[in-house]
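Two complexes follow with chain A in common, the first pairing it with chain B and the second with chain C.
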Partner chain A sequence: MSLSEIHFHAPRSEPLDNARLRSLIDLDHGLIDRRIFWDQALYELELERIFARCWLFICHESQIPNKGDFVATSMGEDPVIACCGDDGNIRVLLNSCPHRGNRVCFADEGNTRQFVCNYHGWSFARDGSLLGMHEEGRYRECVGFEKKDWGLHKAKVATYKGLVFATFDQEAGSLDDYLGDFRWYLDVLLDNDPGGTEFIGGSLTSQIKSNWKLPAENFAGDAYHAGWTHNSAAQAMLGASVSTPQGETFHVNVNGHGWEFALDGVGNVATFSDRTALRYVRSRQAEIIKRLGEVRTKMVGAISSANVFPNFSFLPGHSTFRVWQPKGPHKTEVRVWALVNKNAPPEVKEAYRKGVMITFSPTGVFECDDGENWEHATNVNSGFVTRQRKLHYGLGMGSDVDHEELKGNVSAGMISDTNQRAFYAEWLRLMTQEGQMS
Partner chain B sequence: MITTTSLTGLSFIQSRVSEVERTALRDFLYQEARLLDTQNPKAWLDLLASDIHYYMPSQPSLYRRQLEKTSTQKKLALYDDNLDMLQRRITRMIHPTAWSEDPPNRTVRQVTNIEVLKQVDAGPEKSWEVFSCIAIYRSRNESDHDLIFARRKDLICLQPEGLRLSKRNITLSQNTLLSKNLNVIF
Partner chain C sequence: MALQNSTRPKKNKKDKEMTVFLCKFSDMFAGESRKFTFTNRPPIALFRLEDGYFATDDTCTHAAGSLSEGFIEGDCVVCPVHPGEFDIRTGRAQCFPAEKDLAVYSLRIADDQIFLDIEV
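Here is the complex of A and B:
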């Protein structure tokens, strides 16, 4: 196919059959069709086939440790509440009253005995079951109405070492299968200390006028942009440009999840300028080697980024965690948290809190330059001709390697599009509902 | 309803701040806004006391019953900066490779509702607690634009070199920041 050809014949109303979907993602040539960042119909299909089916990140257990603690978030565009029940189990409930649909919770977080709809007073227990309503007597006379049938819709919930995930697909396979060997990498952060992890209190939320996939694929594999996009922030925080890491670097991916990294140990945590967190990571290296071995120990504070498909990203070194919530094809809501070891001393937790805020948060010196890129990579596609131009995702083709320790699909070199291609391979698999996870 | 008592109380507080001081403090806030709006953030840094604490907490939506439970836990904030952190932000902002600052943002800061409530006895320096509101309009590229409002509570002190900002506590009026970033000083 000629890249200079403009497909004036491609009608917008072309049905979204699998042949059309496959034409958008050309993995053999490393070409991606820009319409995946623009078209409303594709976006609607993503909500159905990706966000209503995948295991999605909800919260950290440490955010809702006590009975009645809750946080509000969303799965795709579906608003949900995660609540710690009277039995100590976390439920993920659709935040919409089954009577007329109004939201039953308007707070971001809190503690409650029940969720009450403001419209007709339908009230729901911490486990989502319907407790009662205004003028309940009328419903006692209502033929066929049973309270047990009208609780809040529940998602299926599972956790991995403190991280809570949920899926609306009751037939979905287990979270362990979904994460697969990516768990081995997640342990770099979640299991480098026997005390486990927690989120520092609070979160920061902002809105980017970008398609959700641009930030997600960026975290899955885009080490390439760091040295260019973030030069000004590196100058401010390190007094130097982002340097190319010495030694071996990798892209690894499992089931569409991606992690790009160097084995420099502390390259990212060094960007905090304050050296408290850096010293903490260094001081624990011998202990972490005992738990995780040498290779993964070098990943703890390293130059790296990762994404759990579809939209849960983090920077291992900075400990900034975030979800990219889709809000239409051209808008993404970002919520940011900071992860720390529970057993870390208070001054280390404080260093991570301040470090995340000044590097990767809506006011962060690094993040300030990301949103701008993703917004314009999205909105430029309003141009009909622009939208026909395929994008190049061909870096690092054929760089796959066998590695004796690293798990999943391993390729050499962090300046690569390998994980991005794996992200879109999984996207295509889910959108077409054909093929196996890889 | 205005009562004699409240009027008396107000005049008592105001009597401790002279008209000259009040005007100087107002002009200090205006000067900050002008320096920041005219691409002169380094000059703005000169208006900060060496012990500046510049703080903008996040604004979660909480039910009123929950608001009363004040937590002492330190949470993620939009800004929780000392002078070193603010200097680093400005270093980035003026660097030739700060892509999202070039072409520069067009901003207008409107400072209103200035209220000098009392003179704080804080050591040898004369200092004032100053409340104000700020509206920042940020226009970028062809049509990007944000309008962000916040309330501020400042501690401004008189040092040998002049008035200096020593504390700024900023209450943002948004829960979800409806912008891609917040590379603006309030």
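Here is the complex of A and C:
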């Protein structure tokens, strides 16, 4: 299709067959069709083929350490509860009563003995099994009714070094296979200290009028925007513009997960107004080298961002983690946490908590810049002509390199669209249900 | 927490009343509860509080929760199914959905042994 072509007589509802899906993502030419950020039908297909099938981030184990601790979140638009059971195992349960469908939990987090539906008093144990219901005697006379058949629907759960993931696809491969060599990079944050990690200080939740993929692809690879979008915030926090990092920079991607980074060691943690966290990172570098080697030690506080496909993002240097929960094609709920080493001194944990709030929270000086861009990049596509204009994702083509230490698909240069293309390659693979992870 | 004991009541002097051996006084710790099932009557819950043992019906008067699997809070037991509460000493229902009182039973202690006199 010509870049200037407009379909004035396009059918109102084109079938979402694989040929149409493939026409949306042109990786050879680095072109993306804007309708992936706008169309309701595509969004519905994402809920089915991406969010109901992928391993999705749920919570950190540190949020629910005790029996009965729970957090409520969602997988796609499916509401779920992650609860620590009487046996100490975490289960992820659909937050919807199997009787009439009402939610059984309305709190974001807490500790409970059971989940009782407000509607008819159906009561579920911490492992999701049906304990009983109001007027239970009537159900004893109900032919074919067995309580064991009517628990809360369960997702498949797995963890990686404190991070809890779940999938609704009971046939899904293992989380280890899903993350693949991306685990080697996750260890930069999750395993730079023998004591492990924890989330601190609760979470911040906000909504932006953006398609969920715009923030996800941004974290997967968009170092490019930082020097322009965040210039004023960088001036405020650092007293200088965001400079292009000296030395080698990279995009790496595995199975659609992306991490862009410099090897500057401290560039992002330096954006906190307080220098406590910066000093902590510097003071531990020799120790981290012993655990992770020199290259990964330089990634700990570095200028960098990352996304675990589809919607779990983090800034390694700021140590802020977030999910982009889809709430329709044009709306995303953002939930943000700060991750710290359990062994870190209290003042360091507090420095990260405050640093994340100042920089990347709903009112953070950097995050405000991003939300504005993503909202307009989404909503401009209400225009009939506008959404037929292809978007350019061609930067950094052919920049793949072999690296003796870095794992996954490695390309040189962080000012690149390489990881974004990998994100959409995985998106297309899942949407068409064709091909293998790469 | 609920230890399943199957106990067949022995004939007592009175017609239709049985004396049942439940456990030794030292068998349970304060805050523990056990369930005793019978062949010819509904199960009994035995609770040990700080100052002694108390017996009630085991089945919640609201739905069908087993109170010996519930949660002891002070002098009350909270049903594990819906959080209805009963006073363990009196059986009195404390809050919705527990609206009907729970039957309570007197216990006899002799030679470190706890007996329940119960009609069947």
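Quick note on the criterion: the second predicted complex is superposed on the first by the 435 of 438 C-alpha atoms of A that agree within 3 Å, B and C clash if a C-alpha of one lies under 4 Å from a C-alpha of the other, contacts with A are read in each partner's own complex, and residues count from 1 in each chain.
Convention: a contact is a pair of C-beta atoms (placed from the backbone, for glycine too) under 8 Å apart; a residue touches a chain by one contact, two chains touch by 3 or more.
Just so it is clear, the model here is predicted, and its values are computed rather than measured.
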item	value
Fit-or-clash call for chain B and chain C when the two complexes are aligned on chain A	fit
Which partner reaches more residues of chain A (counting touched residues only), chain B or chain C	B
Partner chain(s) touched by A:134 [first = chain B, second = chain C, both, neither]	second
Partner chain in contact with A:405 - chain B first, chain C second, else both or neither	neither
Which of chain B and chain C A:123 touches, first, second, both or neither	second
First, second, both or neither for A:87, with chain B first and chain C second	neither
Partner chain in contact with A:208 - chain B first, chain C second, else both or neither	first
Which of chain B and chain C A:110 touches, first, second, both or neither	first
Partner chain(s) touched by A:169 [first = chain B, second = chain C, both, neither]	neither
Inter-centroid angle chain B-chain A-chain C after superposition on A [Cα, multiple of 10°]	80
Shortest CA-CA distance between chain B and chain C [superposed frame, angstrom]	12
Residues on chain A lying within both footprints (that of chain B and that of chain C)	none
Chain B contact footprint on chain A (complex, rising order)	106-112, 200-210, 229, 231-233, 235-237, 273, 333, 336-338, 350, 353-354, 356-358, 361-363, 365, 367-369, 371-375
Residue numbers on chain C that touch chain A, as the complex places them	62-65, 71, 78, 80-83, 97
Of chain B, residues touching chain A in the complex	56-58, 60-63, 66, 71, 73-81, 84-85, 88-89, 91-93, 95-101, 144, 175-183
Residues of chain A that touch chain C when the two form their complex	113-114, 116, 121, 123, 131-137
